[in-house]
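Read through the structure below, which is laid out as structure tokens, and then see the notes.
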Amino acid sequence: MSQSAIAAVTHHEVVMEASPYAMDKKKLGMWVFIVSDACSFAAFLFAYGYMRVGAPVWGTPFGFSSILNGVVMTAVLLSSSLTMLAATHASQTGEKASAGKWLGITMLLGTIFAALHLREWFKLIAEGWRLFYNPAGGAAQFGAAFFSVTGLHLTHVVTGVIVLAFIARGYRQGRYDETHVETAGLYWHFVDLVWMFVFPLMYLMNAH
Amino acid sequence: MAGKIFAVVVALITIVTAYCVIAHVWWMPVDISVHGPKIDHQIEETVLVAGLLFIAGQVVLAAFVFLYGGARNRIKQIPGGAKPLIVFAFLLVGTEIVALSFIGSKAWGAVYFEAPDPASMRVDVQAGQFAYYFRYPGPDGKFGSLHPDLINEGNQNYFGLDTDHDADAKDDIVTAELAIPVNKPILLTLHSKDVGHSFYARELRIQQDFVPGLNIPVHFTATQTGRFEIVCTQLCGLGHYNMKAYLSVLSPSDFDDWLRKQASMQ
Amino acid sequence: MKAQLRIAAFTLSLLLVALAFIRSAPTVGASATGQIVGTIKLDGQAPHLKPIDMSKDPACAQANGGAPVAAENVVVGANGGLANVVVYISQGLAGNEGAISSQPATIDQRGCKYVPHVVALNVGQHMTVLNSDKTAHNIHPQPSPTGGNGQWNKSQTAGAGPIDVAWANQEVAIPVKCNIHPWMRAYIAVVKGPFGVSNDTGSFRMDNVPPGTYTLTAWQETFGTQTQVVTVATGKPATSDFTFKAK
Amino acid sequence: MFAATAEKNIFLGVKIMPATAAQAAVHHAPPQGFIRKYIFSVDHKVIGIQYLTMSLVAVFVGMALSWAMRIHLAWPDAHIPLLGWLSPSGAPGGLMTPEYYLSLMTMHGTIMAFFVLTAAPLAGFGNFILPIQVGAADMAFPRLNMSSFWVTLVGFILACATFFIPDGPPLSGWTAYAPLSAVGSVAGPGQGWGQNLWGLSIVCFCIASLLGALNFIVTTLDLRTKGMTLPRLPLSTWGWFIDAWVSLLAFAVLLPTCLLLVLDRLAGTSFFIPSGLVINDQLQPHSGGSPLLFQHLFWFFGHPEVYIIILPAFGIVSHIMPTFIRKPLVGGWKVITFAEVAVGTLSFVVWGHHMFVSGMSPFMAMVFSVPTLFITIPSVIAVLVWVFSLYHANIRFDTPLLFSLGFVSLFISGGIGGFFLAQPSTDSYLHATSFVVGHFHFTMGLSAIFATLAGFYYWFPKMFGRMMNEKLGKVHFWLSFVLVYCVFMTMHLTGFAGAVRRYSALVDDFMVPLIPANKFMTIAALLLGATQFIFLFNAIWSRFKGPKAPNNPWDATTLEWDTTSPPPFDNFGGRQITVYHGPMEYDGEASVMQTSPAESVAGT
């Protein structure tokens, strides 16, 4: 816990005793954020569902290749959750080196996920998909739904990778401690969890 | 002192308000629809229920403020503490609520759950910035299909009818005023060509939004002849306050004459 | 009643045409200038136009005595003369447009109609919009998105002051509508150089046309455009008549 | 275990390692320099005051807009030179155009609902008071806190900026119903960049509110000092805490809604725009969207929003009353808090009552009607608690209490209207009439304003170290109280005659007879507005010239009164605070500070 004491000292609350009710505020804050962010995703997915139900014909454009790509992405993201877990564990048992290594791998996997996803995007755009146009026939809003929902998730992934990079750096330099790693982990798992909703709803349900 | 003034002020406000409601200083206009009385009744019920709560609340508040100002009273809580309050709230308000919902659902159902009379006269309503237009099927009893791309208000094609090619559309009668025969079931279909609008006829006790992309049925039967206003109550743009049409409820014979006259002008 | 209105509209459009002449006076070039006159006719039966029901707004209905009002998409006068046709020089003027009149063109909203129904003016010439009605209007010109003239939409309540506008680019013709009274429709023809608008007898007149050979274009809101080549010399007015075929 | 180690570390840090202690002292020292101290300050007290100042500006702007609207309604031909100067196109020669009226209406709603009623009671007072009340030195995330304020301010500036763009502010109302708000400038003046700026402004406000809510929740749970168990939390803190949860969930939905709206406007998507729309004879390119989707998403936020506005008011009033009636509330902290939790929870399942006539399934209307009616039960319980707590009290009629009593009266009157609007059958007549306008001005508008004013008079001494003028305060209250009823009760009543809201002029045959009533309301509204300048003067004058305030001018018991006025940078001057009592230790003249070990005096 020695780092946290240092961390505490760098904050002007130090002259008052830590609250007896205190749990780690970063962690609590992250949980609260996750609750709120989940609502935002829910709103997006609700909009998607509402449009889908409302549309007379909702196209199912995704063929085998897209689904396969999606499955690979899913596998990558899931395993990144595992490596994140390993990183958290290592940091808690004080194995800084391996924690850093696992963080690195997690970032790598996250990047791969993003790359695969962007490839999918560019493929669709090349095929003529737009926010307002659907070359495969069916509801014109398919593009709007797909790009906005997956785009929001992609933003989360990219943000996550960047955050992890900062955490890893700070952690190596001893500015951050295992609680930072764990908090970042919470976020990462959440993004993973969201994908578990996005993938079936956006891909599987739209596969022909 | 302040307490006494407060009590008096609150009491006065309560009395004036109650008077205005009871004396119907401003009140609903004559009701000309078959379902209307149910809604009026429901409003009166609610006035009674809510009114009593309003008066009770303000009076008790005023009374306590009147009585317990200053430092001379022995502090004590009401007997039984909060329990009686909670019980009161749940029992009294709860029952009122349940009662209102039950009676209310009847009135609501009368407007929305009863299927329209199959013999109803059908009229199409097109709302747009900032006017209503009405369409009668004409002799063939069929409405021509709508082609949004043909809508051109400059040529008075408000519905987008293809009168050149569409036989059903040829004899459709489009009017700027909603005329209906008295005591005949009417079935309106509301559609908006641009943004959200609303169909508010106070005397019919009907308010229903137009939602772009939806066809919304409204059915009613008018019981009195006369000329009334239909106004828009859904913010639709700069001319919102100017968006209205007239509803004339006519005797069957007058209505036929009117319709013939309109047909001749198409 | 209707007749009176027609007469009113007629005299007014005459007045305006006259005004146009007076205004175009300053466009006299250094050289002496010629004149183009002509008549525009409609060949065939004028299409049936549904009379306008203004009962939506009592103020409008009253202004027209409660009777349905004739639409103005096609106005055919005595012996087939076609009114509200804009005639302008579409080719051959080559920068010799002459000065723009400092007098503003005027369009009035009276009886919930635009008077005149078609107004022509020069690029950059000012235009005054009046409201003589006891009700509010909104003036909403809808130039083509590509034409370079911006669209705008302003209300003009009863008794509100005039609105002054000018147009930056040639466009024949900009439709104008009033959303509060959807039946209202006017056209603004923004042209370079001399122009004329046909009156109820179908005759038009273009003054101060520099001598030369030109392509004339006549535009009517329903029947579209026609062109003719005409040569103008000083002294005697050149004549060019147009005939639109009824659809 | 964590806490224990933390304590140990601190203990070591302070006792044995002088270096760390010195370092701590340095870190604890307040920031130097004007900018860091008053502008980009991370101090929750400064941020709270910044929020309140912004809201004060906003409320007077909003009020001025309502003045212009009211004048136009009563005297449609009135020329208001100032308006003509502000917007030559919107009000040529000062004569307001219908579109400008709607623009003013839209911005009145937006500014009041977001930048006044949401910002002041929660973000303003919450920021200043909550950390002190739980015995913390600052919010959990001070930098985050600072950023929330600045993002809010950006939102406010964007909102105000709409007045200065050529087309003026949007005219689609604060609810911005699609497709009117989604199709762009073709729908009317202000629907171009005005609506875009509006959307961005709301997006900013959402983000700021979410960060703020997160901060409040963590602060309340995490930074409570020794002995500050949840039951001992002051009721105001309870209000803010519950409110933070509601806004955390509600704004999380408004944010995506606004984003989708902006996408529809700028990126050509069709979430909210159906096929085949013909606007001004132009066929719109969009296809397939649903206006009802927007309404569902908006009101899923929109209804909790009105409780986001009113819950802090509940808290503030429940906190102020015991101090001035010198006895605990009936049922102690439990009942009122339960009521607040119930209201907050139910508020998420009633949004459909805004859509009874919107084309939503009539069955859904009845489904939504029932919880809407049931939400009155906790509300009634709260009211009963406030009213019956006055029984056998020793009421001290200082201005804060007067405004609290005013709040209760207004909340009763407003709540009554709810019975009419919660039932589809009655709502179908009263929907979109001035009855609704009167109803929400009573419940969320003026109730919240009265509670905010009560809080302002109550905490002013703590915030600025000076007392406000009591006489002016009372004048302010009496005039406001009476005039508020004159304006908004009349609105309720004319609503029965079907007076349609959001009309820029009363031209319909059945509206014309209501013009006298509107003249009356306008005059009352003008006076009501004028009255607020008494308050403004009082606040500014007292800020500099008011008598010095003692630490605890009201014989209150909560932590904020156990420190200097204004409190030092770390709130308690480094003292270790320990709490022994609940917040309502009153028995007539006797009262016990939460921090005093003395034994309890409160009966219940």
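Note that the chains take the letters A, B, C and D in the order they are written out, and that residue 1 is the start of every chain.
Assume a contact is a pair of C-beta atoms (placed from the backbone, for glycine too) under 8 Å apart; a residue touches a chain by one contact, two chains touch by 3 or more.
Predicted model, so just to flag it, every value in this text is computed and none were measured.
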Using the touch definition from the top, how many steps at minimum link chain A to chain B? 2
Between the Cα centroids of chain A and chain D the separation in whole angstrom comes to 33
Need the CA-centroid distance for the pair chain C / chain D, whole Å please. 55
Centroid from C-alpha atoms only, then distance chain B to chain C, rounded to Å. What do you get? 45
By residue number and range, which residues of chain C touch two or more other chains? 135-136, 138, 153, 155, 177, 179
If you look at chain B, which of its residues touch at least two other chains? 128-129, 153-154, 237-239, 242, 244
Chain A touches at least 2 other chains through residues none
Chain contact topology (line, ring, star, complete or other): other
Which positions of chain D touch chain C when the two form their complex? 76-77, 89, 92-93, 95, 97-99, 185, 188-189, 280-282, 505, 507
The residues of chain D that touch chain B in their complex are 97-99, 102, 171-173, 177, 179-180, 183, 187-189, 273-281, 283, 289-292, 325-328, 330-332, 334-335, 357-359, 362, 365-366, 369-370, 373-374, 376-377, 380-381, 383-385, 387-397, 402, 405, 408-409, 412-413, 416-417, 419-420, 423-426, 428-433, 474, 478, 481-482, 485, 489, 493-510, 514, 517, 586-589, 603-604
If you look only at chain C, which of its residues touch chain B in the complex? 50-57, 68, 71, 73, 135-136, 138, 153, 155, 175, 177, 179-183, 185
For the complex, give me every residue of chain A touching chain D. 1-2, 4-5, 8-25, 28-29, 32-33, 35-40, 42-44, 46-47, 50-51, 54-55, 130-132, 139-141, 143-144, 148, 152
Write out the stretch or stretches of chain B touching chain C in their complex. 128-132, 153-156, 158, 175-177, 237-239, 242-246, 265-266
